[in-house]
Every structure is written in structure tokens, then in C-alpha cells.
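Take a look at the structures below.
Next, two complexes with chain A in common: one pairs it with chain B, the other with chain C.
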Partner chain A sequence: MTTQKSELIAKDKKIAVPGEILATGMDFLPSNGTYRLSDKILASKLGVLNVDGKVLKIIPVSGRYFPRKGDVIIGKVVDLNFNGWRVNINCAYEAMLSVKDATSDFIRRGENLTKFFDINDYMVTQIINVTSQNLVDLTLKGMGLKKLYGGRIIEINTHKVPRIIGKQGSMVSMIKEATGCKITVGQNGFIWISGPPAGEILAVTVIKKIESESHQSGLTDKIKEYLDKNRVVPKQTTPVQESENDFEQEEPQSDAQSDFSDEQE
Partner chain B sequence: MSKDSKTNLIRYLSEEKRFDGRKLDEFRQIEIEYNVSKTAEGSARVKVGETEVIAGIKLEMGKPFPDTPDEGALMVGTELLPLSSPDFEAGPPGIEAIEMARVVDRGLRESKAIDNKKLCVKKGEKVWIISVDICTINNQGNLLDVCGLAAIAALKVAKFPGFDGERVDYKTHTDEPVPLLKIPIPVTVFKLSGKYFVDPTSEEEQEYDSRLTVTTIEDGTICALQKGGDAPITVEDVDNMVSIALRKANEIRKSL
Partner chain C sequence: MTYKKRYDGRNFTESREIEAKAGVIKRADGSAYFRIGNTVAYAAVYGPRELHPKFMQNPERGILRCSYNMMPFSGQGERVRPGQNRRAREIAMVTEKALLPVLNLENYPNAVVDVFIELPQTDAGSRCAGICAASIALADAGIEMKDLVGAVSVGRVDDKVLVDLDYSEEAHEEGGTADIPIALIPSTGEMTLLQMDGEITKEQLINALNMAKDAILKINIEQKNALKNKFEVVNDE
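For the complex of A and B:
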């Protein structure tokens, strides 16, 4: 091994393009969106570079959802197998939900599986495993994981999901409170909304607004103002106030908020 | 689409609301851009919300049909490009594309929108043949109405190419417009559980009991009708749907 000096070439918080050399030397470690080639670290995605100590990571600016173990997502049943269901999880690979991970009920041999899930049914589910071949396994055993009844599903850019949820779920609970809707945000960009039509419409417009304006500063205040102006549910007498001023500076870390088991109703 | 979304749509309609917050008889924003193609004699790009369609007009010289020796001809073709929707496949036109082309064609033909006699160059020998080609760029619902609107928008700006009596020179354009007498506008009215709505998004378009496309001209004359959907409609339904279509067509005509 050469004892070459390690050096950070790309700048922190700046856009990196695929193939760009981010750093040289063995002192830096590649994380999401980067890879090591001989003694260099290169970008594999278009996004903002995040340097956390020695770890280099790229937060993608756009693109499809990529499945990760542990993500809580919303999926749609597209096919039935003899031992489970194939689920569309808004990504290039279809996921598999096997019967043993779906229910703890006793299932007779040859039972009709559509009793549990039929094609086009939606569910909140969690990824338990992603193989190197990108075979995705799902489970329904866990907090808040369930089949979804009624409501609407909308699709947003998966990289904007942390902004929809907000710091400790602040944004989504604000929307829930103003619209009177039940909302579940999946990491894969599917969002389930259920409530009175007027509330659902408001929730959809607000979510689309957040998605398109997420790069602007003061987003939380703006959305709060918009919701107060258009709210469907009258304001509560004791509003919960949280200070969330530093939310905007948080962007590169916002991935950390993505595990949100408390999002379910 | 699942049973859930149908009951959901019915729930919305019963409160006089749509999935995107519009009123039942409200169209999305209409944007029309003229002469988007250099090579076509006339063209238009029409956007209704996120639905986008391009129509182009080509004029060629040809022999008239024997029964109408002094009249030009009209051909309408629709292509549903696979890029515009995951439901569209490449290949020969399917039943949907044929229906769209025929309803647009019927609207233009039966309204006598084009002065066919003026397309005649030499009786029985040479007439202009108008081809209207419609391509879908993005399908977010209500393609038929948007195709009809694009076709008429493109015809409106179409100009004859240069013609020396022998050959058509497509490189030059004359100032002579295609003789357009009327502006037929198709409006499709959908019915689901007793409620009428227009301009559905692709989500809403999945579920309906019946639909009626009504093409009308300025003075309110109906020049084409097309019924679709599994459920039958009553005479009263037809009356209601026609009056909605007539009102919407007059609004849409202003955007041309």
C-alpha cells in the first residue's frame, strides 16, 4: 500500500456528479452514493456531498426509491404467488411479502390468499431484507404495519420524504391537525391520506407544495401560514408550539429522521 | 384501480368535489401553443393540466373520391405514444386510438368545419387532402377532448404550401389559410353514480358508469356524439350531458 496523503477534493455540501473524484487516500470511507476505486473515492449518484468526519455520503437530489433494510414503506399488491404476494414498492425491483411474514393467523393448505390481500390492495410494510441481487423481502409484523383501507395514495419524490415528515414528524402532524386526515408517509414516496374529501384535497395540495418548495428557507412557517389560511379543522384551543427554526439547516442529516415508526395512527 | 378508489371517487362526487379540488364541471388550465412544428403546414401543442397533445396538419395533392369530384378529403389519425402513458403499447393503433381519431374526424367532417369545395384545384383530378395527425405527449386523462382541441387549433393556423400546378413545394408557405368555417369542440361528460363531471384526470378516468362525447359548433349545433362506458344512459341524462358539453365548449372556444 502506498502511503499517499489523504485529501478531500470535492467540497462539503456541494453538488457532486457520478464519476467525480471526491477524495484520495485511504483515510476517508465511502458511504451511500459513493464507492472506492483503488485509492480514490468516487461519486455514483448526482447529489449533495455530505462529509461527516471521515465518512463521505451523497444525498441524492432526485431519482427512484432504492430499497433499504428497515425502511417503512407503502406497497401495492401486484401479484399473488403460492406462498405470498408480489408488491410494488415504487422502485425498480418488486418486493416479496411471504405469508409467514404477513399474518400470524393459521392458514389452511390451499387457502385463498386474496382473503388477506387482493391485487391492488395497499399496505404499510417494512423491508426486512435486501439481498445483493436486490430481492426485497417485506414484513407486516411490527408497530403500525398493516393493510390500508380506503383513502387515497399519492406519489412524491422519495428524496423529499424527510421534508414532508419534518423534524420529529412536525410537518406531517401539522398537516394532520389542520386537515383532519390520517396520513401515513412511506419512505418510498407513497403517501396514504384518509379523511373527509375537503381535508384530503388540502393535504394533497400542501404535500405537493412542500415537494416543490422544499429547497426554500422558512418552509415550515410558510406551510403553517398556508394551512392556517385554508384549514378544514378549526384550530385547537391549546396549540402545540415547537421551535423548529434550525430545521432548514438540517437538510443533509434529514435522512436520520426517516425512521418514523410513530407516524402511524 | 381497486374497489376502494371507486368508492372514494363516489364519496368525492357526492360532495361535489374532485380529487384535485376542482368543481365537477371545471376544466383544468388550458394552454395552447401554435406552430410548434416547422415542417407541418399547421401545428399546435395543447396542454390541459398535465395532459399534453401535439397535432400537426399536412396538406397533399391527390385525386378526389369519385362521388365527390369537386371536394377535398380529410384524414385524422391519432397515435398514443408509449412514452405518454404506461398503459400505451407500441404498434398498430388500438381500439382507443381508433375511437379518438374517429370521434375527432366525425366532429370535423359532420360540422362541415372545412370548406371542402375550396380544396378543389381541378375538378375530378386534383384536390387537397388534409391529414390531421395527433400525437399524445402525456396522458393525464381526458385525451379525447384534448385531441379534438389540438386538431382544431392546428387547423386554425394551417397555411397552404406553395403549389405551381404540378408539384407541391413544401419549403414555401403561402399566406392562404385552410378554409375553416366553424370551430367544433368535443367535450366528454362522464357519469358516475348519478353525478356528471368533465375533464377527468387519469385517476378519475378509470372509473365511470358511462360517458358521452358531444361535439358542438359556435351556434350550439351538435355535430358528433359518442357514447362509451358499460351503463346505459337515459334521455334525461343525454339532455343534461349535452347542456353541460355545450356550456363547456363555449368556454373552451375562447381559449383558442
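For the complex of A and C:
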């Protein structure tokens, strides 16, 4: 066999579609979302091609959430069992939150679990384990993990979550500041927003805007402009200061999350 | 009247005009529109999601579930009776088998990927249009797949071998016809669907299969463009 020259055919940072030839020759290595067919590397997912040295990877742009260990997500209680709760985490599999991972309170045998969580309650939670059959275990023991009271939940594409959070949480803190809302972004695409009604509405429209325009460059500036035009909380005024304290409590948790999303990127 | 040239003036190796779009149904996880001539197919993909009834679950891998539906007003003047019938169920089954070889559902045990194919307008070649639309929709839903399956019908009318028959050609009386829907994985050349209605000689069949391959490669380009356009149009604005 003659030694063929390896060549990158698809362009870096461009959309690749399944079956598209990304590179020829044996010098490139297939990673996530790609596969080798004889001496070619083809895409197996719809997404943005990422060339890292010789490794070809596809970062998906669509699809439902797939549970991963360590993800901080928002879940909704759908059922109660003897030893815990079944939680909808916006994916094909329901997750299990057992009593021992939910609280450190002493719970008597046969006690009514609705005291802690009832059906339709929301929570910020973390995945502690995913088995080969995709049985998901959750925990509430960790920084910022808690039950959510009030507010509203919206759903976005899970692959747009890093855009909503922004670098070191810049985007989400910008929205928080302008809307006066508390916002928690789950890795699974559920977002919890709580604040003054006008602020909540603004936050929802802004987040939807980011979701639909996430491909554009200069998105942060655009959103900043939009927020400044429509802001609910005037810049640095005294009456808001009280509720500002609430944000402070919120801060460590959102930081933990943005760190997390950086890891993923 | 002998059959010398095609009723709509096409070449014998030419398929009808193709139009493909991805992401046309907002609430679906993935969706697509595929038009070839006067045949229009919409496909919507939901999932991977929980599968019920439970006895259908496969603990080794996720399953694919297709549905094929011609709308009541989609035919040639006659009202198509709504709902599932024997023909629709057969086509749903062959669609499933045409798409399954490219899909990787190993990461989704006990789950299901639902594909709904709806045809608001048909002029022959509807199962092929359905398969083309479904594979775009599956890719749009972010499901891992080796390639986009392309499909087209080829056949014989009188003594001519031709690509992408429309209804008038399928119904041509003199000399008889053969209609062969084919689905192909372009990157490997493997066939995932091959059916036939009518009679054809060995030589004509080989000829027809080669013609189908060329036509499917052209369709494949349209399918890929449909997916790229969905994301890159936004980029240009």
C-alpha cells in the first residue's frame, strides 16, 4: 500500500453532519462524535467540528440531555417511593433521589416523605452516579443544592447551557443584575427564575434570545445592550440593596456551576 | 402510445426537483421537510425517551419506532382513509429497517426513538421521501448515526429504465412497469431497502441499481445542506 498523505477535509469550527468525511489518511484520530471507516474519518453526529492537534471531535449542537456523573441539574419530583423520590431530569431516564442522599434529618420508619418533597416540587441537585443501564442517582448534599420555592422553570436546549452561563458566569450574572431575579441554570436545560414579575418576564425573553442567537459572535454585547434598554432594576439604586443580599447567597452556587460548565467545554 | 420520453420532460436518469429543510417542527427534538417533485414528507423525531409498554423495552439498546401516515387529502383526488392500514404498517416497518443500520442506540437501553412521517401530498415515491426526511430529522435530533440514509425509487416503464417515477409513470399501462424503491448508505454503498413491484430483466435491474446510486448521492448532498443551513444561516446574519 502506498502511504497516502493525510488531509483535513472539513473545516474547523464549522458544522459537520453525520456521514460527512472530515479527514483522510491515518494521521488523524477519531474522538467523540466521529468514527473511522477504512482510511477516512467521518462524522457520526450533527455538531461543530473541533480539531485539537490530531484529534477530531464533534461538539453536538442538538439533542436531548444525557445524564453524566457530577452534573448539577434541576429536577422535578414525579413519584414517591418507600426509600426516596423519582425525579424527572429532562431526559429519557428518570432519576432516583434516596432519602439518605436528600437530608441528614432523622426520619422515622414509615414517615410521610411529602414533608420533604411532594410531587411537582423542584430542586437543584447533583448526579452522583449513572449506571450502564442509565439508572441515575441524585444527591442534595453539596454546595448550593436545595429545594426550590416559588419562581418559574423554563426549558432550553441543554447544549446552549454554557452560552447562558457565559465565561465564569458572566452572562447569567449580567441577567441577574439587570432583572433583579435569582437564576439557577441546570446542566439539563432547566432554568429556575425567581424575582419581581417584570424581571422574570425579562429574564425569560433574554434567555430565549440567547438560546436562539447563540451562534452569533458578539452575543454578550448584544445582550448587554438589550438588557440596558429594558432593565427592570435601575443601575445601582438604594431600594434594591436589600434584595441584593439574596444574590450574595446565590453567588457561590452559581460560581460552582459556571466552573462546572467550563470543565465541560 | 409507446413510451419514448418522460411526461414531464426529464432525463431518464434525472430525479424530480428536491427541497429539504431541517428543524421545521418546533416542539419536536428533531424534524425535517423533504420534497421531491410533488411528493412532500414531514418527519418528526421525539426522544430518546422512556418506552412504554414496558415489555417492548430492550435492555441492550434503544429501539426505533416509525410511523408512516398519508394524510386524507394527500392522494390523487381520492380521499385516503385516515389511520393505519396494512400498507402504512408495512411501510413503517421497512422504514424502520432502512434506518436502523446507521443508528447507534447502544447508549440508550430501554429507551425509544419515535419517528413520525406525515405525507400531506403524494405523487409516488412516498416511502423514499419519508426515509430521506426521517434521516435528516434523526440527525437534527442529535442521535448518533453513521450516515444519512438516502432513498429513491427506480424502475422500468415499457422498455425504458428510469429514476424517480411519478404517479403517471407508475400507472403507465402499455408494456407494463416495475417500481423499485431503494435506500442506500452513501458512505459504504450498502443497501438498506430494496423492494420491487412488477417485472424487470436482470440487465435492466443492474442498470437501474446503478442509476439509483447516482441519484441517491445527489439526494445526500441536499440532505447534508439542509442540516448545515439550519445552523449556518444564523451565523451569517
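We take it that the second predicted complex is superposed on the first by the 190 of 265 C-alpha atoms of A that agree within 3 Å, B and C clash if a C-alpha of one lies under 4 Å from a C-alpha of the other, contacts with A are read in each partner's own complex, and residues count from 1 in each chain.
Going forward, a contact is a pair of C-beta atoms (placed from the backbone, for glycine too) under 8 Å apart; a residue touches a chain by one contact, two chains touch by 3 or more.
Since we're looking at a predicted model, the values are computed, not measured.
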Next item on the list: Using the touch definition from the top, say if A:114 reaches chain B (first), chain C (second), both or neither.
Entry: neither
Checklist line | More chain A residues in contact [chain B versus chain C] | finding: C
Notebook entry, point to check: With the two structures laid over each other on chain A, which partner does A:81 touch: chain B (first), chain C (second), both, or neither?
Noted result: neither
Next item on the list: Please work out whether A:152 is in contact with chain B alone, chain C alone, both, or neither, and reply first, second, both or neither.
Entry: first
Note to self: One more residue to check, A:129. First (chain B), second (chain C), both or neither?
What the structure shows: neither
Margin query: Applying the document's definition of touch, where does A:201 land relative to chain B and chain C: first, second, both, or neither?
Written below: first
Next item on the list: Identify the partner contact of A:20: answer first if only chain B is touched, second if only chain C is, both if each is, neither if none is.
Entry: second
Check: In the superposed arrangement, which partner chain does A:6 touch: chain B (first), chain C (second), both, or neither?
Finding: neither
Note to self: If I apply the document's touch criterion, which positions on chain A are contacted by chain B in one structure and by chain C in the other?
What the structure shows: none
Notebook entry, point to check: Can you name the residues of chain A that touch chain C in the complex?
Noted result: 14-15, 17-21, 33, 35, 37, 42, 44-47, 60-64, 66, 92-94, 132-134, 159, 213, 215-216
Margin query: Give the list of chain B residues in touch with chain A in this complex.
Written below: 1-2, 4-5, 7-8, 11-12, 15, 17, 19-21
Next item on the list: Note which residues of chain A are touching chain B in the complex, please.
Entry: 118, 120-121, 149-152, 197-198, 201, 204-205
Notebook entry, point to check: Hey, which residues of chain C end up touching chain A in the complex?
Noted result: 29-30, 47-50, 59, 62, 102, 104, 107-111, 139-148, 185-188, 220, 223-224, 227-228, 231-232, 234-235, 237
